[in-house]
Amino acid sequence: MATEAARANTFPKLLMRNARLYAGRPAYRHKDLGIWQVWTWAQVLDEVRAFSVGLTELGLKRDGKVAIVGSNRPRLYWAMCAAQALGAVPVPIYADSVAQEMAYILDHAEVSVAVVEDQEQVDKLLSIVDRLPRLGLIVYDETRGLRDYDHQRLKSFADVQQLGRDRLAAGADSLQRWEAAVAAGKGEDLAIMLYTSGTTGRPKGVMLTFDNLVVSAVNGNLFDKLGPDEEVVAYLPLAWVGDHVFSYAQPFTAGFCVNCPESPETVSEDRREIGTTYAFAPPRIYENLITLTMVRMEDAGRLKRNMFRYFIAVARRWGEKILNREKVPLHARLLYRLGELLVYGPLKNRLGVSRIRLAYTAGEAIGPEIFRFWRSLGINLKQLYGQTEASVYITAQPDGEIYADTVGKPNIGVDVKIAENGEVLFKSPGVFVGYYKDPQQTAQTKTPDGWVHTGDAGFIDPKTGHLKIIDRAKDVGRLNDGSLLAPKYIENKLKFYPNIREAVVYGDKRDCVCAMLNIDLTAVGNWAERNNIVYGSYQELAGHPRVYDMLAEHVEEVNRSLAEEKAMAGAQIRRFLILHKELDADDGEVTRTQKVRRGFVAERYAPLITALYNGSREADISTEVTFEDGRKGMLSASVKIRDVQTVPVPAMEKAA
Amino acid sequence: MDSGAHSPGSSEGPFGRNDSTGNYGMRAPSEQDIVAGNVLLAVENVSLAFGGVKAVAGVSFDIRKGEIRAIIGPNGAGKTSMLNVINGFYHPQQGRITFKGKPRAAMRPYEAALGGIARTFQNVALFKGMTALDNIMAGRTLKMRRGFFWQLLRFGPALAEEIEQRRRVEEIIDFLKIQHIRKVQVGKLPYGLQKRVELGRALAMEPDLLLLDEPMAGMNLEEKEDMSRFILDVNAHYGTTIALIEHDMGVVMDLSDRVLVLDHGVKIADGTPAEVQADQAVIDAYLGVSH
Amino acid sequence: MLGPVLETLIGGLMTGVLYSLVALGFVLIFKASGVFNFAQGAMVLFAALSFARLSEFMPLVIAFAFSVLIMIALAYAIEFLVLRHLVNQEGIILFMATLGIAYFLEGFGQAVWGSDIYKIALGLPTDPIFILESVFPGGLLIDPAELIAAIICAVMVLVLAVFFQVTRVGRALRAVADDHQAAQSVGIPLNQIWLMVWAVSGLVALVAGMMWGAKLGVQFSLSLIALKALPVLILGGFTSIPGAIVGGLIIGAGEKLAEVLLGPVLIRTFDLAGGGIENWFAYVLALVFLLFRPQGLFGERIIERV
Amino acid sequence: MTIVFYREVGQFKTSYDADEAIFPIAQDRWSVIVLVAFAFLGVPLFAGQYLYTEVLIPVLILSIAAIGLNILTGYCGQLSLGSGGFMAVGAYAAYNLALRLPETNIILVFLFAGVMAMLVGLLFGLPSLRIKGFYLAVATLASQFFLEWAFARVKWFTNYAPSGSVAVGRVELFGVPIDTPGRTYIFVLAITVVLTIAAKNLVRGRIGRMWMAIRDMDIAAEIIGIRPLHAKLSAFAVSSFYIGVAGALWAFLRLGSWEPLAFDVNRSFQVLFMIIIGGLGTLLGSFLGAAFIVLVPIFLNQLPSWLGISMSTAAISHIEFMLFGAMIVLFLIAEPHGLARLWAIAKEKLRLWPFPY
């Protein structure tokens, strides 16, 4: 198959190959109008071709840029392929980004055609269209509410396809021309541009070639033995490299089926119906599923609850060993079987993960507890370390070599090395061409001899040979007393508590470590209900003294665990506060992929940080916030600050 | 979903909707429209009384094709009674009602339905024992022709029809964004969603005239915004003429093209939102009644 | 010819009074609790059985007293075990509940008191009286027992009517019938009201039972005969006491006359094995009546508010 | 063992047809198929005379009657106390057809029974347009008493049988005599299955929605264009048809010879109790209710001998009355939707397991 893919070295070519090899097999399913609409690979080829020809009719040229905005819908994926067939370059954009962000990317990428999901997106584009002279055509999928719009620059997806179909019907020449265009596509051609909402500054357009994606995808398939029988549910942002590889590159290369959910509310429902076999999600999702499970089990009858707890305990004790095929006493095996029958099986069925053969978590460190929980249920959850610049794959955990605190071994064809400053560098077939229109950024990231700076600090674990990531390289700092500080490392420890949604730790070039925390509304809210604590708003709950008490305990536990690790022992948390609002992407506090922008947050909440370090008991803060509908407003509050116990460490061990 | 029920006056032609707030150019038809017979429903000097109590006294007004017509007034102003007269629940003691140019004698509600009048109720009147899907499917009863014996077999034409109607209903479900509650018994749904399902059931009838009795009663701000959006979309997308009773003045002013004001069963004002707002009689009627 | 007819008419009217009495039981409960008490018939049977068996080994008066107590206890049990668990349920549910109660009572009554036919000897004079001998040859025959029974019932009916119209409790009952909340706000505990009406209608059932029993002996079929009160209600209206009275008389007289006048005709035309029209005449009469005046003779008109 | 809890992962629908299937969940589908197959093939392997004649056949026939009443009362919300009468119509219609046209195919005989009952049902259904609730109940009671009387008195119906009781000769289908309990059972079972499927198709289609709409809120039903007359009468018609067929089956294959008393008002109550206990507005409930009503007396009759005490049949029948009465009240208070609802809840619990319902 690798060779097959090698011949078919672009996605349009792969599509034609699949239409041959897997003609009758499902390629895309979309739950729409209450049932799963299915398209076979052959049908998809037809749809894509029609749309593609339609686009040529409307004047899309080779190397033109096509923006793709919306949630995971077959037609948007097809639009990517249709553009690529013509040698044009798709540019997916986060559907939830506000008009300004969009304007920047559309302009920077010189987009001439935008294919969007629905009225909402169309309205967004129309509001900025005057600033975008190049944008000549907007194509929408969902017609609802749009029929009265001025259609000079506006076309429905179906109309464009009709245009294409008419053209194709008119004469065989257009078909030949199209197939010629596809054949003309080369591996080294630009396949896609993914704008990374970098943790700092403006988004950068990462240019990836077909070779990058196809080869990495094929290697990924080999690494995990993925064939045409997998089922994936596409629910992550189109503009995120993860989704692009897992629900575009890999399906095209391996020939398996992509399933698009009916609506955001129904994802879990739809996942259960489809019975996905190959899943990918950031840690948060796995975390939420567990939180929800635990919360719901709280309402169960005592007997059932105890049974649940008992068998979960059994799973925690033996499950992973059994999954890893280690030696396990017979009685344990039997108990686990029983548990599978009474709890794990049904539970997995409810969560819709019974059929999962392989699940990846990446993007962030996952809490060891959460990680083990899933594995103990018999779900083959693995960690992966990747980047947009690498077409995802850098390292991943091979089956049977699973550790909660590593990100695995280099993937097929990937070389990894650690720089003196601890930064991780890699080299691979997936290495990106460069940042669009940004040579010096490119130069900074990519060495002449092809090594890429990940910007992450880490080390190869001697006993496992796996890579361990501790933090962003630039964020690793030192306290004034010289103790090593890896903020992310501490933040993750904090975030592993279900009650803590987000944590930001400061201390570089300061006397002590302080933390700003976000509570998790689901978990804490439920806790509040059970302890009948009344609260009117997130802000009120966050400020509640008993919530503070609870989180203080968590923080102290973290301190204890830090104290156990020589290197980190010096950087224990002295004081913390609970933020009055959730860190929000719309306010630019976190990226669209929920990564905290530490620097930005520091500026934004400067008064709080000063307060943390000048020893005051509480501080007033007022910030501008953006509401769902884009309106802005001021939000002010006074935030309490807590001191916490630290574990004393012998002086000589400092500055280790 | 293209219904045969679209009235020509509905599609906004030149006045493209170029912002998301949903303000449709100027729609209120001119005199010529009325001459051209663009009045969909005309109520002439209608009176209705229960025993001695007068609910409606000599009220006249008209509803024009494609417009959104608001009926407002303090509690007990006879608004709901007016709707009940229009769709045949009450038979006025005097007065005349002309629908689609035909003056009509006293008729039963289902005859009104046949004529193309749908409505929702102040306090949701759904079929509690049925799912959201079935409720809306029930709204298509009139569109289904297949006879008894086909139904028995649920085969051939009957099945084809059932599936065809299901597809249409699914479009409505999609339109109202209630996919996630499709198969939930409506009795178990929160109020806001019930109202949405009820609207869906009314839409399923593909009516020419849609009567909404306080569609936003007891809703929170967000739900109200959604509902307003739906009402505007219905009017724009299906070209349905809408008459609605509403207490939330803000909503009324945003949505409606013309407003009829009743007080104690008498018409005290009728005109564009702006005119009505300025009207002294209206202000007096509303003194103390805060909404 | 006229003579016999008048005789039947009088006989019918006398039965009619009995119907009225039973019907009154229904009306009482329906007015007060909106419950359509299908068990009224069973209560009649139960009461009659109790009285009949008790009177076998104790003086009538004491037997009567005991029976009254029993009926009150029964009312209490029904209120306590059934009604209070079904508050503000739809009428139809309550109706079916009383159907259950009826079944239970029929079973229970016969299990406790036995299921044979029992005599009730009230010691009423039996030798027939002849009136209007001047008008008709041989005069009209009247069974004094029935006459007395009818009179007792009539008195009973009047008492109840008065009780309803005049006494405070009576008015309270009417208040409840109109609007439960209202009644409660007036400060009348609903449960007590219900308890009372059930007790009273139990009493009514007892009297009715005794009269029927004296007439045809106490047996299972009593509960069916008592169902005759249903058409009476439809005729008279569920909430109207005068309606119950008039309706009872109409039905009573009507079915007897039908038997005598219509019966032979039917028998001849349809070649029937005997008449027995009374079994259904009342119902069909009511049914036809329903079509033209659903709310009954005296019932209030119901306007459907939307 | 995986059938203990539902495993629905991977069951997705790609057509409305599949989505609206009677048993959308594979596990249900299969268990029902197995059950029916067992009823046809498995039961005859071990069932004996008693099981057939005292349990299976009565349950099946009464289920049909219960389905009939459930359509009227459970689905369309019109309370009827006349089932006994309509069963009688079916019985005597069949009797007379078989008597006067002996050559008629037995299937046609039963169909005819249903149709006659349907016509009578329509007639007595007419009042339902003007009246509701217990008014209607009384009206149906009228039909009950009238019909009872008619069959007792109109000699023609009973072919001038002096005793008023009638008997049917041997029943045969396409030359195959239905004389053994085993054959009778299979025959009745087949009819039950067919009628059940037909009923299911009706109630999940346009007509069923019309009925339920009338039941749940007749006002709202009217404003979406449902004619109350149309809906109610069709419910009466279908209902009476089923009850009529049930009556004919009961007379021909259960009783063999009978008199009007077999279909008196208590029969009406019996059928009503079935659907109250079994569950209003569900077909499953009709079967559960019928089974319950048939099995309890049998159980009661056995009980004394098991307990080693002697009890007069009269006493037992009294206890039976009390028990049913109590059950009705109990169900109306505790679970107005009857056994079927209990079943449904249990099923939901299994589906949601380990999560609480």
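Which chain is which? They are A, B, C and D, in the order written, and residues in each are numbered from 1.
Convention: contacts are C-beta pairs under 8 Å (C-beta built on N, C-alpha and C of every residue); 3 or more make two chains touch, one makes a residue touch a chain.
All figures in this text were calculated on a predicted structure; none of them were measured in a lab.
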item	value
Most centrally placed chain, judged by C-alpha centres	B
Of B-D and A-D, pair with higher C-beta contact tally	B-D
Rounded Å distance, chain A centre to chain C centre (Cα mean)	78
Between chain D and chain A, distance of the C-alpha-averaged centres to the nearest whole Å	57
Intercentroid distance (Cα basis), chain B paired with chain A, Å	45
Residues of chain D engaged with two or more neighbouring chains	15-16, 219
Residue list for chain A, restricted to those that touch at least two other chains	34
Chain C: positions in contact with at least two other chains	304, 306
Touch list for chain D against partner chain A, complex	1-2, 4-16, 18-19, 352-356
Of all residues in chain B, those that touch chain D in their complex	87, 89, 108-110, 112-114, 118-119, 121, 125-130, 134, 137-139, 141-142, 144, 146, 148, 151-154, 158-159, 162-163, 166-167, 201-202, 204-205
Touching residues on chain D, where the partner in the complex is chain C	79, 126-127, 130-131, 133-135, 137-139, 141-142, 145-146, 148-149, 152-156, 164, 219, 265, 269, 272, 276, 314-315, 317-329, 332-333, 336
Sites on chain C touched by chain D in the complex	36, 81-82, 85-86, 89, 91-93, 95-97, 99-108, 110-111, 115, 224, 227, 230-231, 233-234, 270-277, 279-280, 283-284, 286-287, 290-291, 294, 304, 306
Residues of chain A that touch chain B when the two form their complex	32-34, 119-120, 123, 126-127, 144-145, 147-150, 262-263, 265-266, 269
